[in-house]
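Following this line, the structures themselves.
Next, two complexes with chain A in common: one pairs it with chain B, the other with chain C.
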Partner chain A sequence: MDKRKKGILLSLSIPAFLLIFIFMIVPLGNALRVSFFKWNGFSQNMRFIGLENYLSLFSDKVFWRSTANTFVYGFGSTLLQNIFGLSAALFVNKQFKGRNFVRLILYMPIMISGVIMGAIQYYIFSYDNGVLNNFLNLFGIEDIYWMKSGVGSVLIITLINSWQAMGFCMLIYLAGLQNIPKMYQEAARLDGASKWQAFFKVDIPLLMPAITTAVITNLIGGFKLYDIIVTLTNGGPNRKSLSLSYYISLLYFNDEKAGYSSAVGIALFVIIFIVAVPINRYLRSKEVEF
Partner chain B sequence: MKKKWARTTAVFCLAVSSLMLSACGSGTSAETTAAAADTEASSGSEAAEESSEGEASGTTDFSGREIEIATYLTGDTLAAYKEVIAGFESETGVKVTLDEYGEDYENTMKIRMASNDLPDVFETHGWSLIRYKEYLTDLSGEEWADDLNDAALGVIQDTDGKIYTLMTTGSCLGTAVNMDVCEAAGVDPWAIETWDDFNEACDKIKAAGYTPIANYFTSAGALANADGSWLSYEGAVYNDNEAILNGTWDWADFKTILDYLQTWFDNGYLYEDCGTIGQTDAIERCARNECAFIVGIGTSYQTAVVALNPDVTMAMIPICASQEGGARFCGIGEGASFGIWKDTEEMDVCKAFLNYVAENADGINAAAGEISTLPSETTKSYGMQMMEEMESHYPDVFYDNLWDRKYMPAGMWSIFEVAAGMFCEDQSEESKQEIIEYLRENYQDLYAAAQEEG
Partner chain C sequence: MKTSASGKTKMKEIYAPNQKVKAGVYIIAAFLVILYLLPIYVMLNQSFRYVTDLTPRLYLPEKWTLENYIEAFTSSSLIGSFKNSIVLVAEVCAVEIVLGGIAAYGLARAGGKVSTTLRTFNICIMMIPSLSLLVGTYSLMVKFHMVNKIWALALQTAAIGMSSTMFFYTSFIISIPKDLDEAAAIDGAGIFRTFFTIILPQLKPITVTRLIMIAVGAWNSYAMPSYLLTDTSKSTVILTVRKAFYTAYGAVQNVPLACAMCAVALLPVILLYILLQRYIIEGQLDSVSK
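Let's turn to the complex of A and B:
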């Protein structure tokens, strides 16, 4: 590539770099700076306290609980979304009447905003007059307080998030499946491979680029989960279903601890980085070219 | 290698985006302060020039001038406020840009305070002294300031006698009562004086098949709003006012409150899901005649209940006394309240706007269903009617500023919210000690911060 062409290509990437610098690098630097201060988030006075905010992380039970929840939201949702998504993709990849309608129905939940989805689910899982409990009442089952404990709330949030984002996974896998030339499947079947063997030995390896994209996107989406929690449980009961993203927001705006909130933000950044980079690297190493 | 680097960079960028949440709106810097100082200096002279032009013409014609107003009001109250704004625009020629922030109001205002870029006029919703004072104009010299009643002054006046907000309505906080449920259970709510009486009434209501108390522990109010009953007022179990205010208070006394609230749980007075519901749920349940009381809530609650079901009869009684002879009280807080940014370039227009609001606040008052604070408000709102009814039964009711606003340092409200959740989950002795320790630590921290801020 000659120098002129290189220069043109480089200049074309300037807007993207500029946007990343303004909306990612600058806030990151600012968050890092604020994390060394004691600040309520709106006063013109800030007090430098060094590493105190970071040291407080170690004794903050809510931080550790939210970290554990964040891992459940991240890994749990990724696992379920990929299982549901791949199953759905395999199903709608077949020829049958009404296939497009089924695809649309399966994809629809992702088109609803997380805030609205959480609000809808609140009325389904509510203890008092919730749709699910009313339904169970028909069979003589007493009301169940689904979100009484933190564990129950976290599981419900994970399930809803997985179901909602399943359509996105399905789309990625559908594109991946349609890109696999049929001859590989046919060759495998001619060689005597069963349906399952052909799927695991031929389709899955060839789907690795789609798996990498789906896993990394779902993982980061799960780690950053925020909107469903706000309207479904509001982080409760007793802040036990918080994700780190929501905890950061509560600390900053509600608790007026902007410095500490920034320290938690930096911790979340480090967690996502540490988890996502090796997984991404591992999955890429499994990709095959065809 | 390059490809790997590109992938790593992509993951890095995705991870960075997680920080956007905590990093936004944190632009406090020497530059912004300096810029604000510059703005102040220039705006002062500009405003003076503009003001003299206005005076020279002898009219209130501010044609061509523009102000920005931010509001958290919604529904009928917002509609009433918009009418007032439209009237002001047509009378003066001012163009008003109204930012309707709704539920995002507080967060947005915090971001705007951090960047020292506030709307010319904004609502102070109970925080004119504790949170917004640093950014507000002293309005004690305004004409309408002399018209504000004592209930309003008790809430918005600082120790130097300055006021920073035009309070057109006050929020009166007491115990909301569903009279229909009480009647069905054979309870006379007007006979309730102490917490013991209250529990007796709750027993009867529970026996009649209703839920006695609809308080929800997702709100700080469940733990904070009634505290004056035990700690601060005449005849209370403790008289800790001075110690609370000077930072020497021993939080061990708070256990009395937790011990009492435990009776609500032990006796089954509360909803099973009181740890996850909110005000909307409580309003809906009360409108369905399922529950009798909610302690420490403003009259807008009853207004909302009646709006949902006009057949329900609601009333308000004061918050109980902790013992015989103690003060039965109601908290008074800022309702619809409007302040002016101290660095506004349109000071004269903003002051004219507040004068206009003060003269035309009746519609806002009627829609808000709260209590009047200005002589221009002639409509007897629903809240005012309830307050009068309450006073006819309890002529000696004691009014004070909201307990947390008067006695707690800024930032304690959210601490009480967390503590309420902790208490709802576990009312054991260990949990109580943990809650008290949590409150103590944060109180000391925030008290010290408040002292530093001056």
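Let's turn to the complex of A and C:
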């Protein structure tokens, strides 16, 4: 290909990268700059304080709590979504009447906004006249305060997020399962492998590319979790179920600590890179050709 | 002979599940459907109640009413916010699909070091959590008077999603044989004619899938709109519903009205989902297996 043509082809990507530059790279640079200042977010008064914002991260209990929560949201959701998603895919992959309907229903919550989902789920898990407690009352079980403690809230948020986004994993695995030639399974079964052996020794290795996609997408999604928390717990009780994303926005708009909020933002950015890149590399190395 | 006999029974096991297994399958299917429709039930159940109705939320309302729906349509700002949401979605889709598609064509076909570097850079961009840029983005957008302007939010949203749209399009275009391009080039077609006659017609399935994903994402987006569209007349559907659920200090929350607004807000999304299920589910399955 001649140089001129190549130049024209490459220049086609300029508008897209320009937009990314304006709305992502410039803000990233700006966030980095602001993170070295003490600033309330709106006044003209900005004071350079060097690394102080980053240093105060170490002694900020809410930051560490939110980081731990973010890890639970990331890894917990990934684990649950992959287990549920793979099970659902195996189930929907069976031949039975109405499987397309089940598939349709299982994927549906993904279409619904996290904020709305959190608001509705609140009335299922709430202590006072919640649907789950109503149901347990039928069996003579007393009302349970599901979201009383921080740990309870974090687990319920993880559960709801996994429940809601599970359909994505299901579809990825369904596509993976349908791509595996039937003869491998049959050959293994005829060679005397049990159903489970055939599944773990034949299907799982061949599903590796699907697993990589599912794990990376879920991890990044879980680490960014924001919407559900807003309406389900609003970060409470006492800021104990915050994710880092939510903590960033609270610091900025509630506490008016724009500089510190920026520093937390940069920390989140670094955490996602440190977590996602090696995992991606590891999973890619496990993929087999067929 | 023995082996072939056992092989035969195994084949039978695989292909003809007995009645008991079938009943089990339907029990699991029913359980899953109930588990996934529960929030919808809770929402609809609440929306037909009077505010004073204190029947447990698990059971049907004591007395049914449509007054919440009438109020949702007449006295709330829901209808206006539908218009805002539609404008936002249309703008985000247009910018992201057009710029992303053209850029991907250039990146996929240019080859060489520059395009590889740009594609790696693009994947890194995909991992940036948008909330970590909150301070950087918001303070800049305030400075350049981009608050309460739907077009500005649309550009920002499109920029955040641009990297994944480019990623999907690039992988898709790479899978289209280059021979077709070269044949067109020999016939004297330039870069743009090749794009419109060879590439564009083949992009239809992935474009439909991307359009749906982008539209759903923009429709459901919450974090940035909640900060950038503070003016009630600019509010999107999700913001309006969220506000209806939110209890301000001292204000009495009207849960049935909020649920009715929620139902109205979800209706178009669910209807489109059911109408377009073929494109959404099959499209997802295809794009994953590519």
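Here are a few things to note about the model shown:
Assume the second predicted complex is superposed on the first by the 271 of 290 C-alpha atoms of A that agree within 3 Å, B and C clash if a C-alpha of one lies under 4 Å from a C-alpha of the other, contacts with A are read in each partner's own complex, and residues count from 1 in each chain.
The rule is short, and it goes like this: a contact is a pair of C-beta atoms (placed from the backbone, for glycine too) under 8 Å apart; a residue touches a chain by one contact, two chains touch by 3 or more.
Quick caveat, the model's predicted, so the values are computed rather than measured.
With chain A as the common reference, chain B cannot sit beside chain C without a clash. Once the two complexes are laid over each other on the shared chain, residue contacts for A:119 go to chain C alone; chain B is not touched.
Of the two partner chains, chain B is the only one touched by A:47; chain C is not. Of the two partner chains placed around the shared chain by superposition, neither chain B nor chain C is touched by A:55. Applying the stated contact rule after C-alpha superposition, one finds that A:83 touches neither chain B nor chain C.
Residue contacts after overlaying the shared chain place A:236 against chain B, while chain C stays out of touching range.
Contacts of A:248 after superposition: both chain B and chain C are touched.
In the superposed model, A:28 lies in contact with both chain B and chain C. Touched residues of chain A, counted separately for chain B and chain C, are more numerous for C. Annotation: chain A residues 20, 23-24, 27-28, 30-31, 34, 41-42, 220, 223-224, 226, 245, 248-249, 252-253, 258, 261-262, 265-266, 268-269, 272-273, 276 touch chain B in one complex and chain C in the other.
Residues 1, 5-6, 8-17, 19-20, 22-24, 26-32, 34, 41-42, 88, 91, 94, 96, 98-99, 101-117, 119-121, 123-124, 129-131, 134-135, 137, 163, 168, 171-172, 174-176, 178-179, 186, 189-190, 210, 213, 220, 223-224, 226-227, 230-231, 244-246, 248-249, 252-253, 258, 261-262, 265-266, 268-269, 272-273, 276 of chain A are the ones touching chain C in the complex. Across the interface of their complex, chain B is touched by residues 20, 23-25, 27-28, 30-31, 34, 38-47, 126-128, 145, 147-148, 216, 220, 223-224, 226, 233-234, 236-239, 245, 248-250, 252-256, 258, 261-262, 264-266, 268-269, 272-273, 276-277, 280-281, 284 of chain A.
Taken together, the chain C residues at the contact with chain A in this complex read 7, 10, 14, 22, 25-26, 28-29, 32-33, 35-39, 42-43, 46, 54, 56-59, 95, 99-100, 102-107, 109-112, 114-115, 118, 125, 127-140, 142, 155-156, 158-160, 162-163, 166, 191, 216, 219-223, 227, 238, 241-242, 245, 255, 258-259, 262, 265-266, 269-270, 273-274, 277, 280-281, 284-286, 288-289.
By the touch rule above, chain B contacts chain A in their complex via residues 4, 7-8, 11-28, 32-33, 106-107, 109-111, 113-114, 116, 131, 134, 218, 271-273, 275-278, 281, 285, 410-411, 414-415, 417-418, 421-422, 424-425, 449, 452-453.
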